[in-house]
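Each structure below is given as structure tokens.
One chain, chain A, links the two complexes that follow: it is found with chain B in the first and with chain C in the second.
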Partner chain A sequence: MDFDFATLLFILFGGMAVGCAVSMVVQRNALYSAVSLVGVFIALGSLYLLLSSPFIAAVQVIVYAGAIMVLVVFVIMLLNVEEEARRPLRLIYLIPVAIGLAAVLIGQAAFILTLGGASSVNPRTTNKVVGLTSSVGTGLFTEYLLPFEITSVLILMALVGAITLARRATVARPESPADFPRRGEGLALVAESAGASGGGGVIQPGRTDATGQEVARQQIERNENSDE
Partner chain B sequence: MIPLSWYLALSAVLFTIGVVGVIIKRNAIQMFMCIELMLNAVNLTFVAFSSYFGDVTGQLFVFIVMTVAAAEAAVGLGIILAVFRNRESIDVDDASVLRL
Partner chain C sequence: MMEWLNTPAGQATAKLIGINVAFVVVLLIVAYTVLAERRVLAFIQGRLGPNRVGPGGVLQPFADLLKFILKEEIAPDKATKFVYFLAPIIAITAALMPIIVYPFGPTMNLPFLGPVALVIARFDIALLYVLGITSVGVYGIMLAGWSSNSKYSLMGGLRASAQMISYELSLGLSLVGVVLLSGTLDLYEIVEQQSGWYGTKWNIFRGFQIIGFVVYLISAIAETNRVPFDLPEAETELVAGFHTEYSALKFALFFMAEYVNMFTVSVLATTLFLGGYNVPGLSLLFEPGSFLFGLFSVLGFFAKVIFFLFFYIWLRGTLPRFRFDQLMNFGWKFLLPVAILNVVLTATALYLFPGLLR
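Let's turn to the complex of A and B:
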């Protein structure tokens, strides 16, 4: 087996992808999992470059490692869930199922590698334009225009769905500046609307109001001190 | 040049790790990330075939898969947020019934 530079890079990034993937599954802390998954994405992006597909590699890093993982990390931080507790599994029989499935799939991979009908495929090195942004764009906007438009509609539906899912029950807002509550009335208004929407008992107007005024007074004093 | 079968084997291994993760994890966000890993393994297969056969169609499909993954991320995380708001937990064992 010849060990040229591309092979070395494949082993490096393939090993990085597999290692990060295993680390992602093994970690109990969701944030560590997310960082491992970013490692997988970056390794896969490098493999796409190795496959002479710079456009997909760039999109991989920007969309996956950038946008999607930021979303995931944001949700992890927002929920602030503690580490998974080590408690007995309810569905304990799933572990042997997982191991069996893994054995089957790894066996398939070994079959591909050893019997290797596919390895006789010779890469068409003559077609250098495949994978460049221009060829991908031409394909997207001519032959595959309909799927492209369908994905844009899909994105719109996902946007509407996500906003609908994540929206809280609305709190009544003042209509015009004249309706803005005066100092001390605001919390009562919020408490009133919260009570109307079924969340009563959370906000206690009297105590919160006094606390807020105290905090505001301290802030004013601190500002005067810092100006001097 | 690296044989095509190496890429396919790597993709199969990554997909397997994703499957195992979805089965053994109970944190909804981690299961979600394992699904992303499976999508990426399939993407690797698409790009490898596209590059080896000199046909750009596979890469267009990867583009569409990425779009679907982004939509899935938005909706899936919205669902996780909604579940957390109702149950104070994102452990899927705590969300095993549809009613509250």
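Let's turn to the complex of A and C:
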């Protein structure tokens, strides 16, 4: 393996990606994890640059580090997530499973590197046009137009679904007891006896304090729970 | 000498020297933008401004820098220390990184060196690179607001990130029209396409790009957190916003980052819309490619950039601050649709009359 400047950069950014990924999993503080993930995305973007795919690199940084993770950090800041306390390990049997999976992964990598032999195609030196802006654009809008459009529709569906879920259901604000849906009868507009404050016991629409008192009084009379 | 320059080591050394020269020039301009801002604002408000350090106050930036360096470093007790010190570094690094793609001038004959293009790096994605780096710069502000452990800082950081991710959309979309017309993202190539014909080939005059230009100018003010969109540091509400708890050199780094970002958006406006280093009619006076042609082109470039910097200062002296809901409504309900309209109009026009606009 020839040791040139690009290899040095690969080791640098690859190490940064792995280090940030480990840090992301290990951190107890949600914000530290998020910032580590940003580091992973920037390192991955740099690796794409080394593979002479500048457009993919730029999109990786703009979309993941610049947009998605900003929103994640924003939400963490907004909710002010507390540092997670160290819990006792409940799923202790997962540790040997994790070690086993890691061993399998390393074995696979070793197999690819030694037995399979490295690919003779070096993306750094051959096929210079694959990752350029124009070639990506041409590919997206000609050869891969259908998958591209289907993906857009999928994302649109996710967007509409999220808005539908997040939209507050429109509930009419109760103005008078008559607006309260009740089992069977509904509330009487005219109270029978003189109330505490209402005087004549007739509830005027819009007088919310009197309405509230009347509703509470009738609920107590009927002995029902107010929050149903 | 010439042979050595063509080796990889020679190329790297040349780039390194170029980067350092560009940094010094940009930082000097930034330092004097701060002074100009104080003097111009003072003039608008009927005051004098700083005029005591050196003749007319020309040494004021260096006095300020010395003061920042000599001040005591203070960090709040409850601050998250690592992130607290990391945030200004992220801010200034992200602000300075785009400098390498600015096209400062055309290919010119330098003494002893021969023809040199006055741009440090040219690559396929220069514009996306600038946008990507500036979008990463938001983290500096957000993390500063969060790590200071102060209510004002947190509010400032939240406002800044909400504002910047909202206006990034209209900013990016307003540039799509120019990219459609040019067919490239390489800033140097975009500028080269605008040369000739006495400035009528500048992108601002092509197609509907005047719309894109106005949308870009407004979004750029919001991106750099300047008046009238300076809600992240609204001093009547938030003391100083995200950098309330920062002092000494750390504060200076944020301050510098803000002005370097101003410089960046001014350079992008110049490069993409106003023909970059092209000066109308200059080829009548000097032969293109000669030393004097290059020199006056560079001066033209900086004159345009300084005009935009002055424009931002002028706005600051003139306009009151927006309310936050007005800011969000304006960005999402007005600027974004107008930017999308510009993209649709330009794409349609390019499809129907491809010869007219190219």
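Structure notes:
Simple rule for what comes next: the second predicted complex is superposed on the first by the 153 of 228 C-alpha atoms of A that agree within 3 Å, B and C clash if a C-alpha of one lies under 4 Å from a C-alpha of the other, contacts with A are read in each partner's own complex, and residues count from 1 in each chain.
In the analysis below, a residue touches a chain if its C-beta (ideal position, glycine included) is under 8 Å from a C-beta of that chain, and two chains touch if they have at least 3 such contacts.
Values in this document were obtained by computation on a predicted structure and should not be read as measured data.
In the superposition on chain A, A:L37 makes contact with chain B only, while chain C stays out of contact range. Of the two partner chains, both chain B and chain C are touched by A:F55. Shared-chain residue A:V97: touches chain B; no touch with chain C.
In the superposed model, A:M16 lies in contact with neither chain B nor chain C.
When the shared chain is aligned, chain B comes close enough to touch A:L140, but chain C does not. When both complexes are overlaid on chain A, the residue A:L71 reaches chain B and chain C alike.
Which of chain B and chain C touches more residues of chain A is settled by the count: it is B. Residues common to the contacts of chain A with chain B and with chain C across the two structures: 55, 59, 67, 71, 78. The residues of chain A lying in touch with chain C in their complex are 31-32, 35, 38, 42, 45, 54-55, 57-59, 61-62, 65-67, 70-71, 73-74, 77-78, 80, 132-133.
Within the complex formed with chain A, the chain C residues making contact are 83, 123-125, 128-129, 131-133, 135-136, 138-139, 142-143, 145-146, 154, 157-158, 161-162, 165, 168, 184-185. For chain B in complex with chain A, the residues that touch the partner chain are 1-10, 12-21, 23-27, 29-30, 32-34, 36-37, 40, 43-44, 47-48, 50-57, 59-60, 62-64, 66-75, 77-82, 84, 89-91, 93. Those residues of chain A lying in contact with chain B across their complex are 6-7, 10, 14, 17-18, 21-22, 24-25, 27, 30, 33-34, 37, 40-41, 44, 47-48, 50-53, 55-56, 59-60, 63-64, 67-68, 71-72, 75-76, 78-79, 81, 84, 89-90, 94-95, 97-99, 101-102, 105-106, 108-110, 112-113, 116, 118-119, 121, 123-124, 126-127, 130-131, 135-136, 139-140, 144, 147-148, 151, 154-155, 157-159, 161-166.
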